[in-house]
Structure formats: structure tokens, C-alpha cells
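Chains here go by letter, A, B, C, D, E and F, matching the order in which they are written, and residues are numbered from 1 within each.
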Amino acid sequence: LSSHLSERGEVHMVSVEGKPTTLRRAVAGATIQMRPETARRLAAGDTPKGEVLATARLAGIMAAKRTPELIPLCHGVALTHVAVELSIDEAAAAVHITATAEAMDRTGVEMEAMVAVSAAGLTLYDMLKGIDRAMVLGSVRLLEKSGGRSGHFRREE
Amino acid sequence: LSSHLSERGEVHMVSVEGKPTTLRRAVAGATIQMRPETARRLAAGDTPKGEVLATARLAGIMAAKRTPELIPLCHGVALTHVAVELSIDEAAAAVHITATAEAMDRTGVEMEAMVAVSAAGLTLYDMLKGIDRAMVLGSVRLLEKSGGRSGHFRREE
Amino acid sequence: LSSHLSERGEVHMVSVEGKPTTLRRAVAGATIQMRPETARRLAAGDTPKGEVLATARLAGIMAAKRTPELIPLCHGVALTHVAVELSIDEAAAAVHITATAEAMDRTGVEMEAMVAVSAAGLTLYDMLKGIDRAMVLGSVRLLEKSGGRSGHFRREE
Amino acid sequence: LSSHLSERGEVHMVSVEGKPTTLRRAVAGATIQMRPETARRLAAGDTPKGEVLATARLAGIMAAKRTPELIPLCHGVALTHVAVELSIDEAAAAVHITATAEAMDRTGVEMEAMVAVSAAGLTLYDMLKGIDRAMVLGSVRLLEKSGGRSGHFRREE
Amino acid sequence: LSSHLSERGEVHMVSVEGKPTTLRRAVAGATIQMRPETARRLAAGDTPKGEVLATARLAGIMAAKRTPELIPLCHGVALTHVAVELSIDEAAAAVHITATAEAMDRTGVEMEAMVAVSAAGLTLYDMLKGIDRAMVLGSVRLLEKSGGRSGHFRREE
Amino acid sequence: LSSHLSERGEVHMVSVEGKPTTLRRAVAGATIQMRPETARRLAAGDTPKGEVLATARLAGIMAAKRTPELIPLCHGVALTHVAVELSIDEAAAAVHITATAEAMDRTGVEMEAMVAVSAAGLTLYDMLKGIDRAMVLGSVRLLEKSGGRSGHFRREE
């Protein structure tokens, strides 16, 4: 079922020492849906908007670095690059989030990118929940992945 | 726009010392979509399935306790109870996740419940990504909230 | 010499259970000196400046919450409020940092405020070191403290 | 203004995978000023003094390892060496702190050394604040740096 | 079997909000066995011994504060006091470790005391393993506990 | 006495940059003693037993990754593999714990394995203390170590 389970069916942190050290790269995406009014106010703001988006961006970057503490069986990875982008989609009453993670390592960085978009989205929720408690974070997904044995993966959307 | 912004439009951790200490409770939900085959294998497994679900559950509980480290403007809260439930919905090719958080505090615990379902879902993704990289975590949302000034909130679904 | 030392002269985390739970408040300050050119560029920027200052502010807030992990003998405190302010002083070629911390607790929050200004200053250094490696963080000091047995303290400057 | 800002003026963790892995080394310094009486008592103590200085030293070493959690855009670095030295300067009523950090990495370790002296100084403040609340931590600065593309840096003092 | 399991047999963080806030206190002990020569050298040392014991003591205190991060189902507790004592027993070629933890809380602090002696013992092992790799940490046990519904517990030894 | 002490007798994180990067491996063991009735109930359980053992196993794996935060002078190591095994020994009224840690690094991973068995044992204690407060964690010891300059070590038992 999962390589995270040993032959005895017990979780373990899988052995990666035999894998080559290559440039690993992953891109993940997510979307947070909100009321049109919330999106409008977020888009219309100036300094406050900057603060809100900067806070979510930083939360994503910082969470990516802590992925092995959050995801029990993840290996520690020395990330060489992390970026989080947020774009307000007023028409769709949503904010789209994308995160890129890179490392020179023996293991992939999908989880780092997935954690980054999730933390950025949750932080956005935290900052805006006072005006829109019903926002929904969704579409947390892997968009692209390269550098491992399994070859290049690009999600068809 | 947000109470997390000061009058100058700068982020701060809002002052809650004037709020009463009451029992705060929040329930959040999320769903992770997968290929029917993945859901079928997960449902059919016995011990491994237990390990996979137990790992996700623990990841959720442990992440809830670390919410103030992940969500930049969250207050530290001494949680008095956290529970995470996962149910395999083979028909919908999905796993539904629910988390409950409680505390006797001056501030709500929505974020703790939201972080718990997210971490549980991401951990599930991590453990199953080897067989289904295209899984999507979605519907991360607040289901219920009580104990604060804003009264009882229950999401209509 | 220090109440952090037991009668045997060994460090311990001092007992505070006999102290009353009151509103504790502390304000700390710091200043980071830079080349006039660096201060000028920081003051002239618009969006980038916002990002730089927001990042330092968040670093300060987040570090304050982790004070007991950094300062070995500090008690864990549930902060009810943290704010960090940065002001560019172009004339003095400096950025002044102030942090306020509050809690309803048995122990003071000086260290939380001191950690906040330090982390904000170090983050500013990190972001600007590419253009001015010789910046100096100084004047990290307690400005004000209230709520404990020792009465109100206000630094004379 | 800062390489920590992307072309869009947003913070990101800069890409370092193209940089060579070399021995990175940084030395930082700081000074904590106190009342002459405090310095005298600290210098006169024997076991207690040892405990106080050992605690500050360990706080500095441990904080250095957590630099990427404190400084939002810092890369994780596997430090190969950290040392923190404290010397009591009774004449100047001060304690001088020096920290050395080393790593075989793609990125410099200035921040690790800067964080180490700051945490050591703040810990000293914490332990002695009961007798001298007005102490000031200052002169937190980079003294030396080697191993990167920018060549050897030595601060002229 | 365990109150940490829900009716469905799944782990959860048990609900403690109905419990009264009282002074909770726990004392734990542990012993690290070593070669007689190692104990002799440790006992004979002066400054180095102080450093070694101070480091173990601090490691114990700091680990106690992080118990909820290490022990998955532990509640966060605001410790009001932690002390760790180490005594060299040259005759028995051992170091005895005792830790006391206290809090005003709804839940006991046994785990905090148990974690403190374990971390102190492991740190001692780390510092001395270069000269005695075969040391054994044992007798990690609860010595005393008070403040909860279950009454006073004192281990008979 | 210890290589963790500098020539001045002060703790430091020893320099390892001159050591070769090789596959480091360590195995540690521990045993938790309990009342025969506790062991019997643990062995007889089915789902709950799985949850209890899975929780201890995960606690061990996750703690191993955080070794450098717990053991003050430990270097950060990117573990390539961690596994924790628990076996119920009903005859001896005990649970035996074994942990294996591996890394491609300049420094050994004994402490990671020692921390893993300790955290797993303490978690077991936490989950079962409601029915058997007098359990004792012991025999925390290094069983095997390879990959460093000091050659292969295997404990004779």
C-alpha cells in the first residue's frame, strides 16, 4: 500500500541513502474560496492587503522549512529555495496560492511545497476569518515535480 | 479588513486580555480525494490501514498543539482536548477528516482544528503519494465553533 | 547573584506558583545602525520596503512566542498581545524597533519583548546584509515593565 | 534593495543550488553593559558564575542550530561547529560575547553566529535582570566571514 | 486499556476541561551506569565536571518544557517550576538524576519530570560517550506525584 | 574528559568538517518493565494495542529527527532512515524497544537512536500510566554503531 510501511506493516522512515543526490523541485497549488465581498475588500486594500499577503507568504515559507516536524515520516531536507505566490482572483472570489520548493537531496520535496501552500492558506483564513468565517481552503495539490527516479510529473488541469 | 492589523495597517497579535476565559470549542473538516483504486486498497487493508490512519491522526493532533508556531498571529492556547477522525468513503473515493479542539481560554480554537485536519490530510497524502500522486486535499473548513463572544457558529452544508 | 540559581548554586527554573496571576506588560527597544545610503534606500522603497519591514515585524512576533525555547530558564507564558514597530530614522541612519508583550500570568514578559526586538533586528540584518554587512544591532533594552511585585519600571533615557 | 526580494518585490528564500559547497565560517560579537557592581559580582562568583556563563553559552549554541526557524528567510544549514565565548570585562562593566559558526554548505553562516551571540546575551540578561534590570545588549555585529563568493570579510574595529 | 484511546479504540488527547486547576507536582528519577573509571574521572574533574553537569541539567529543564512536542498525547502545561539534580555516585559507578516539575493545571506533570531525567541522562551519555560508549541509562521512573484526583503517589523503593 | 569540552574546559559543538561523509548507522535498545497484568492486557488487545504501539513508534521516529534540539551539543544530521520496533515480552512483563538510525554524514547517529528508543518508551509510559504508574524504563543503551573512524561497535550482551 505504501512504501512508508515496513514488511511487517509498520510505519518507518524509508531508507533513502541509496538514492542519488540530485536537484529536486516541486510546485504545489491551492485555492481559498471566499465571499465576493471579502475578495473585493482584499483586492481593494493597499497597505493592509500587502501586510495580509506578506504574512501568508512568510507563513508558507517558514512552514515549508518545518515539514519534517509536521509530517511524521518526512525526511529532513535542506531546502535551497522556497517561494510562495498569492494572487487575488476577484472574479472567482478566491485567492490562488502557488509554492515552489527546491533542494539538492536524495528525496523529493513535494511535501514541502504542499505544506507551504496549506500554511499560507490557513494563515489567510486566520487573518480574514473575522469577516468571513465560511472561507474554504481547497485544491491543495501537487502541480509539478522533477528530479527523482520517477521522472517529471506535471498535473494535467 | 482584519483585526490582525493595527490602526497603522500593520500586523500584530491582537490583544485578548479583556476577553473572558470560557470553554472554547471548534470542529473543522476536510476531504482528500483519490483514485477509486487507492480508496479501495486503503479500505481493504487491515493492519497497514490501521497504521496509515493512526499516523495521520497523530500528525493532526500533534500539529494542532503547534498551531501558534505555524500561524504567525495565533495566540498560544493550552488545548484541553484534541481528537481527529478519519473515515474512508470508498463510494466517493475519498477520506473525510474531522478534528475537534477544545480549550479553556480567552481566544477561539478554530485554527487549531483547521491545522489538525490539514496536517492529517497532508500526512495521508505523504503516505499514499507513492501510489496516487494526484490526490487533492480540499474542503478544509470550519464546521462548528462555540464559546466566544460571536456566539455559536454551525456551517450549513 | 541570581534567583535562577538554587541554594546549591545550580540553575533551575524558579518556582512561580505562589505569585498572583496579573496583567504583565513589558516594552523593549533596540536600534540597528546602518550606512546612510542603506537607510536612504530603505526609506525610499515602497512595496519592497513594506515587505522588508513586515518580515522583520513578523519575525519578532513569532520569536516572542518561542521565548521559552530560546532562553533556557524562561517559563512558558501564554501571551495575550504582541506588537512590534519599526521606524526608519533616515537622519540617524538607523531603524528603531519597539516591541510590546502582554500576558495574564504569574511571571513577567520582559524576555518576550527583548526577544522580539532582537529577532526583528536580526531579520532586518539578514535582509539587508547583502548591501550593508557592517550594520550593528544595539541598544537592546527594557523600556518599561508593569504588573509584577517589583512595581512599575520605566527606563530613564 | 535586497536579494531576499523577488523581481515582484516579494520575499522569498533565495535559490542557492547553483552555489558551490565550501567551508563557510562566520564570527560575530556582542557586548552586554551592566552596572559596575553587577560585573564585580559576576566576576567574583565561582560556581554560580560558572553556571551563569555555561547557561548563556549553551543558549547561544542551541539557538544557532535553530536560526532558520527564527530568521524567516534563512536556509537550513547543517552546522559542523559552533562555539560561544564570554569574557567578563570588569573594568568596562561589561561581558563580551563572541560566537563562531562553521558549515560545509552553499550558503553563509553569518546569521547563525549573530543569533548565537544574541541568544547568549539575552540569556545573560534573563539570569541577571533580578539584580540589574537596566543592562543593555549592544554591538551585535559580524566580525569575520569567509567561504563564500564575496570573499573574506573582516570588520575593522 | 488506556484513557488515551477513545471508545472507538483510537488515540486522542483526552478531555481535561472538567478537571480542577490545582498545584500539580511530580518527581522522577533515573540512573546512568558507567565504567568505574568514567565515574572516577567525572568526580575528579573540576571545571569540566561543572560544565558537563550543567549541560545535562539545562538539557533536562529545556526538554521538560517541550514535553507536549515529544509525547504525542500530552497536553501543553505551563510549568511553574523545574529543577534537575545530578549526583555522582562513584562507589556505584553511576550518576543519579532527579527532576521535579510543578504546574497549576488541570493535568499532571509526570511526563514533564520523566522527560527531564531522560534528556539529562541522554545528554550525559552524549558528552561522555567518547570515553565510555557502553553506559546504560536506566531506572527512569516516577518517584512521586501529587495534586490530581488520584491522590498522592510515592514510589516504594 | 570529553571532546565536547574545549581546551578551556567549556562546552562547544565539536568541529566535524574534517571528517569524511560516510554512511553512519546506529542501533539502540531499551526495555520498559511493567506489571504482568499490564503486559498481558497489552498483548491481548487488538486494535487498541495497534494504536498504542503505533503511537510509541511514531513518537520515537519524530523525536529522532529532533535530536539536535534536545541534546545541546548534537550536530544536525539529515537522517536517511529511522525505524522503531516494539515487541511485547509477556513472559518478562516488558516491552523491548529497538531503534535504527542511518545518515550519510560526518558525524555518528548514536544519539538519534538513543533518543528514539527513549521517546518511544516514554510515550508507552504515558499511554499506560493510567493502569500502571510504576512502570520503569531502563536499559537505554547503544547496541551497534558503524560508519565512523572508531570502527564497528557491537555491544556484547
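By definition in this document, contacts are C-beta pairs under 8 Å (C-beta built on N, C-alpha and C of every residue); 3 or more make two chains touch, one makes a residue touch a chain.
All values derive from a computational prediction rather than experimental measurement.
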Joint neighbours of chain E and chain D, given as chain labels: C, F
Joint neighbours of chain E and chain A, given as chain labels: B, C, D, F
Chain B on chain F, rotation in degrees - Cα superposition, rounded to nearest 5: 180
B-C compared against E-F, more contacting pairs: E-F
Distance from the mean Cα position of chain E to that of chain B, given in whole angstrom: 31
Separation of chain C from chain D, taking each centre as the mean of its C-alpha atoms, in whole Å: 16
In chain A, residues with contacts to at least two other chains: 10-11, 47, 51, 54-55, 58, 62, 66, 69, 72-73, 76, 78
Chain contact graph, described as a line, ring, star, complete graph or other shape: other
Chain E partner contacts - residues on chain F that touch it in the complex: 1-5, 9-11, 41-42, 45, 47-49, 51-52, 55, 58-59, 62-63, 66, 69-74, 110-111, 114-115, 118-119, 121-123, 125-131, 133-142, 145, 153, 155
Chain D residues touching chain E - in the complex, by the definition given at the top: 47, 50-51, 54-55, 58, 62
Of all residues in chain D, those that touch chain F in their complex: 23, 54, 57-58, 61-62, 65-66, 76, 78-85, 102-104
Chain A partner contacts - residues on chain D that touch it in the complex: 6, 10-17, 68-69, 72-73, 75-78, 105-106
